[in-house]
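Each of the next two complexes has chain A plus one more chain, namely chain B in the first and chain C in the second.
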Partner chain A sequence: MSSDQLTSTKKTDSKAYRNGKQGTLVDRNNRSTIGQPTVHDPRMSCRNVNVYYEDKHAIHDVSLDIGKNEVIALIGPSGCGKSTFLRCLNRMNDTIDICRVTGEILLDGNNIYDKNIDVVPLRARVGMVFQKPNPFPKSIYDNVAYGPKIHGLVQTRDETDEIVKKSLLKAGLWDEVKDRLDKPGTGLSGGQQQRLCIARTIAVGPEIILMDEPCSALDPIATARIEELIDELRENYTIAIVTHSMQQASRVSQRTAFFHLGDLIEVGSTNQIFLSPMHQLTEDYITGRFG
Partner chain B sequence: MQNPHMFKGFDKELEVLNNKISTMANECELQLIKSVDALTSLDSELAKYIIKRDKIINEMHLEIEQLAISMISIREPKASDLRYVIAGFKIASELERVGDYAANISKHITKLQKLDLDGPVDCIILMARTASKMIRGAMEALTDKNAEKAYEVWQMDDEIDHNYSRLLRLVRQSMREKPENQDDSTTLMFMGRCCERIGDHITNIAEGIYYVKTGSTCIECIEI
Partner chain C sequence: MSDNLTSSIDRHSNTDIVQKGLSKRYNAERRFKFYGIAAICASLMFLGVLFISIASNGYGALFQTHILLSVSFDSDILGGEDLKRANYQGVIKNSLLKMFPEVKSRREKKSLYSLVSSGAAFKIRNILIENPDFVGQTMDVWVPADDDTDMLIKGYMKRDVPESERRLNNRQIEWIESLEKEGRVEKKFNLAFFTAGDSREPELAGIWGATCGSFFTMIITLFLSFPIGVASALYLEEFAPKNRWTDIIEVNINNLAAVPSIVFGLLGLAVFLNFFGMPRSAPLVGGLVLTLMTLPTIIIASRAALKSVPPSIREAALGVGASKMQTVIHHVLPLAMPGMLTGTIIGMAQALGETAPLLMIGMVAFIVDIPGGITDPSTVLPVQIFLWADSPERGFLERTSAAIMVLLTFLVLMNALAVMLRKKFEKRW
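And now, the complex of A and B:
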């Protein structure tokens, strides 16, 4: 489906902006997506995505593009489906037996849910960083080297050394660990462990990085370092981040998508969403008037 | 209909901010009305009282600024709440200027020799009345967050501009016909200029209120 077709379907409401000129927000009962779910140059395109956990319909017909080299923040109250949606993007939901996904998620024009798609290389292309840092019980070096080795990206020790150094540099961790690469990754601080996990993700050369509340277990200083890193990584990667922190979403992202009870309610530039949202539910949520 | 904020204290602060702005606006309107009263009665005592009272408006301005800064730093408001606090900050500055102009009118009352220039004085009275209506309308628009009302207030400035042009015409005519009234004519022209500037500051207030409601700074873009 082209982006033109998409904007003409029921799921978007371009009239909302005209209402916005009078300051009237779209009514809370309107569940159509408003704003700009499509972009000119998408890295990943999701079309009519539905997710079910057995009989529970968790995500309702969500269509959303993720643009090249952008950071998109997925926000919404607990249980709104933002993490479920994120996990669809590299088929992490496949690990849940009762989970069923319908619709299309296109990466380079190919539906990642096609039967012939191998999830192992897919997850190398679409990497993930989780809420709690989860380094392997191995050395710092081996944590980063593990992925390239199993994906066959390196043949020699020199190649491995280079990829480990490059990944740790990109993750902003090299200077802190270069003299103790043989020490366990679990011995690092929380913020360092999370950056090690980011280095591990980067090491296999992903195009997209998914982050599921990557700073929720970190202190403000470690959080600031990760946010700074996200901004630097944007030059080379596309990032989708789920966060509960409105401040974090507004600091790190260029686009923001607001989810509510499984519906994608509003998508727009982060500036527009946080200054002048068009939907009453978005306004309620980001102003702290969600009752 | 707006839901209550999850922190009741924030709603309370918004209410305090709104009340402070309304009180300051009332005070400015009162100062303006009194300055015109002082002009029509050439009451120098009343003029002195108005000049002295401008200090209260300046204090109100500082209080509002401090409250808005504290709300931004502590509450980190977003969307319409952020727009309201930012607009409140701006509106207080505009009102402070309105107060200054009302005091400026009063400062020049003692310079008037006599009041036999009815036409120009009538123009000033009309301009001040319109400005007073604009202040009241703006405060209604702010309390109700009403974009259409803000636009009505914004448009009313045309009346002030019209009367200012009329005043200038009459003053020029008077200067030609009665050169002996030159000093008074100049003073009245200055007072008219004060009223014209007051109108401009109230249009800025109306634009701020429109921004609170719509998130747009383009009040001309309104669709009625």
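And now, the complex of A and C:
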């Protein structure tokens, strides 16, 4: 059934695409997804995902693939559901009692919302970096070592040392903190804290990293540093990033998905979205007419 | 041109209006500050009056009048070989008579003997049992004076009022004055007050029995209420689903916190004593009853502490794949600990000062022995204060205040401990 719906979406897509080519934009009242929500050989694929907060229908029927080793940016005005959608991908929404998710999200062909799926290993595979840097109130070392320790990835002190060093190196923080690993993580600057959180996430060895506006609390220099980092991380990880900054989306991502009021309006390569959007709403948003 | 004019007039009048209102605003602010300072001063004043009155009343109990007697351990008077059952009262009487040989009549002898506490005999008994070879010798011993003598020396009993209006007659006062002249009367530090159990005689009564009782009761209360309270708070706050049942439980916990404490005493009487047949007047039962009373306080404080842990910490832990349990134990609990400890110590301080429920389970009994364990009959500090405040002897008045000072000292120490623990745990960033 879901594949049927998908084909139907595809039909509208191609029509919409033609419209775009002819220079006329898809009408703002058209709420179905246009562009290319599917990719060949996806890492994660979401089909007809709906999210409800009690009675409020927060996300309507979103279908989207996340490709291997790509950075996909989720953009849209505040309250459009992009963060909610991101949090579905590692079942972070489970912590909210009133939140209900339907549809399927496949990771390696398994629906992560199946009853027999355990969220603990899922979250080890799909890591998350949050909007506000949230290091544990422990030392820098313990912050990074915590994940590997609880998952039993390390046994000896040497192994832990190595994984901490590797993660901090990957997060580009090693040189700044190598002499004060036993100092509290909360004593770092905002940008360093966020990189510490990234190091903490990659220490567990995830396949996918979800980032929820990771730079919104940082200054431009720290932001540039994180963006560089995202670019480097793309070699080994798949990254989904929610951002409010269109410049950031265009700088770091290969694909961009535009959300509006709970609908996935348009998705395509970042170049296409920013240079020749096909939907009226997308154009309005990226040109700054609203949002 | 005219437009310009009106706007400038408007601006001018606006500034005027603001200026006029300003003084009113500042006055309101000043008044409010004054009310606040006045309220603080009033409460500080009441507190000061309370402390001063307690301290001035209780200070006297730290000292006890002693009388120097030349005691001759005459084996004739002691009578018999068994030093444990010898006639020590006779020894005291004999030494008093030696000092005042003119006393002959039975009635006069009796009033002479009553100058010295009945505890004096126990004192020389202890001396003799420790050193049996003193038999046959004569030595000077300081023995506690009777309550009435003590009151006279401390100046609570006026010497110039008519004889019928005081508890010591003129002859007794003469004897005391002649003893004073010989330097045989002295106020010494009242060690007995801190080492003895309760007594019918004020000069022999001490606080140690009640302190031990309070200590055992608090131990029971702490070891039951802290783990149970924290576990319930953790479950309700972190794990329990939010539904009608948990709502009902929450409402009931809040209601329990408002239940008068004597009701818990009745519950303890009915359940622990009558149904389970636990020993009466025991710290064990007292601790159980106070646990029931303290639990709501600890649960409410612990839940508030858990709620105040930022959700970002939980998300961070869950985000790296920690299970719910690991998130709570590794991250949430350490951050909530200072608040939980504060709540617990406030609850414990409340329990330490609680009297009413303990009356119901028999901890109000007159108990002379120092309790040695949680099942021995005992009393607690506030109940001891209640008992002494109820006693007619003048000497118990100052002992009541002194006991209040001891209780307040413990409360201050506990609060200091709470502050210290909070500081210590907060240092972990």
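Convention: the second predicted complex is superposed on the first by the 279 of 291 C-alpha atoms of A that agree within 3 Å, B and C clash if a C-alpha of one lies under 4 Å from a C-alpha of the other, contacts with A are read in each partner's own complex, and residues count from 1 in each chain.
Rule of thumb we're sticking to: a contact is a pair of C-beta atoms (placed from the backbone, for glycine too) under 8 Å apart; a residue touches a chain by one contact, two chains touch by 3 or more.
Everything numeric here is computed off the predicted structure, so don't read it as measured data.
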Clash or fit (per the criteria above) of chain B with chain C on chain A: fit
Touched partner set for A:109, first chain B, second chain C, both or neither: neither
Angle at chain A between chain B and chain C, C-alpha centres, nearest 10 degrees: 140
Chain B versus chain C as contact partner of A:135, first or second or both or neither: second
Touching partner for A:184 - first (chain B), second (chain C), both, neither: second
Partner chain(s) touched by A:152 [first = chain B, second = chain C, both, neither]: neither
Chain B versus chain C as contact partner of A:277, first or second or both or neither: first
Touched partner set for A:95, first chain B, second chain C, both or neither: second
Touching partner for A:220 - first (chain B), second (chain C), both, neither: neither
Which partner, chain B or chain C, touches more chain A residues: C
Touching partner for A:120 - first (chain B), second (chain C), both, neither: second
Lowest inter-chain C-alpha distance for chain C and chain B in the superposed arrangement, angstrom: 28
Residues on chain A lying within both footprints (that of chain B and that of chain C): none
Chain C - residues contacting chain A, complex: 241-242, 310, 312-323, 326, 330-331, 334-335, 428-429
Chain B partner contacts - residues on chain A that touch it in the complex: 18, 20-23, 246-247, 250, 274-277, 282-284, 286-291
Chain B - residues contacting chain A, complex: 2-7, 10, 76-83, 145, 147-148, 210, 213-216, 221-223
Residues of chain A defined as touching chain C within the complex: 90, 92, 95, 97, 120-124, 127-130, 132, 134-138, 146-147, 150-151, 184, 186-187, 197, 200-201, 203-204
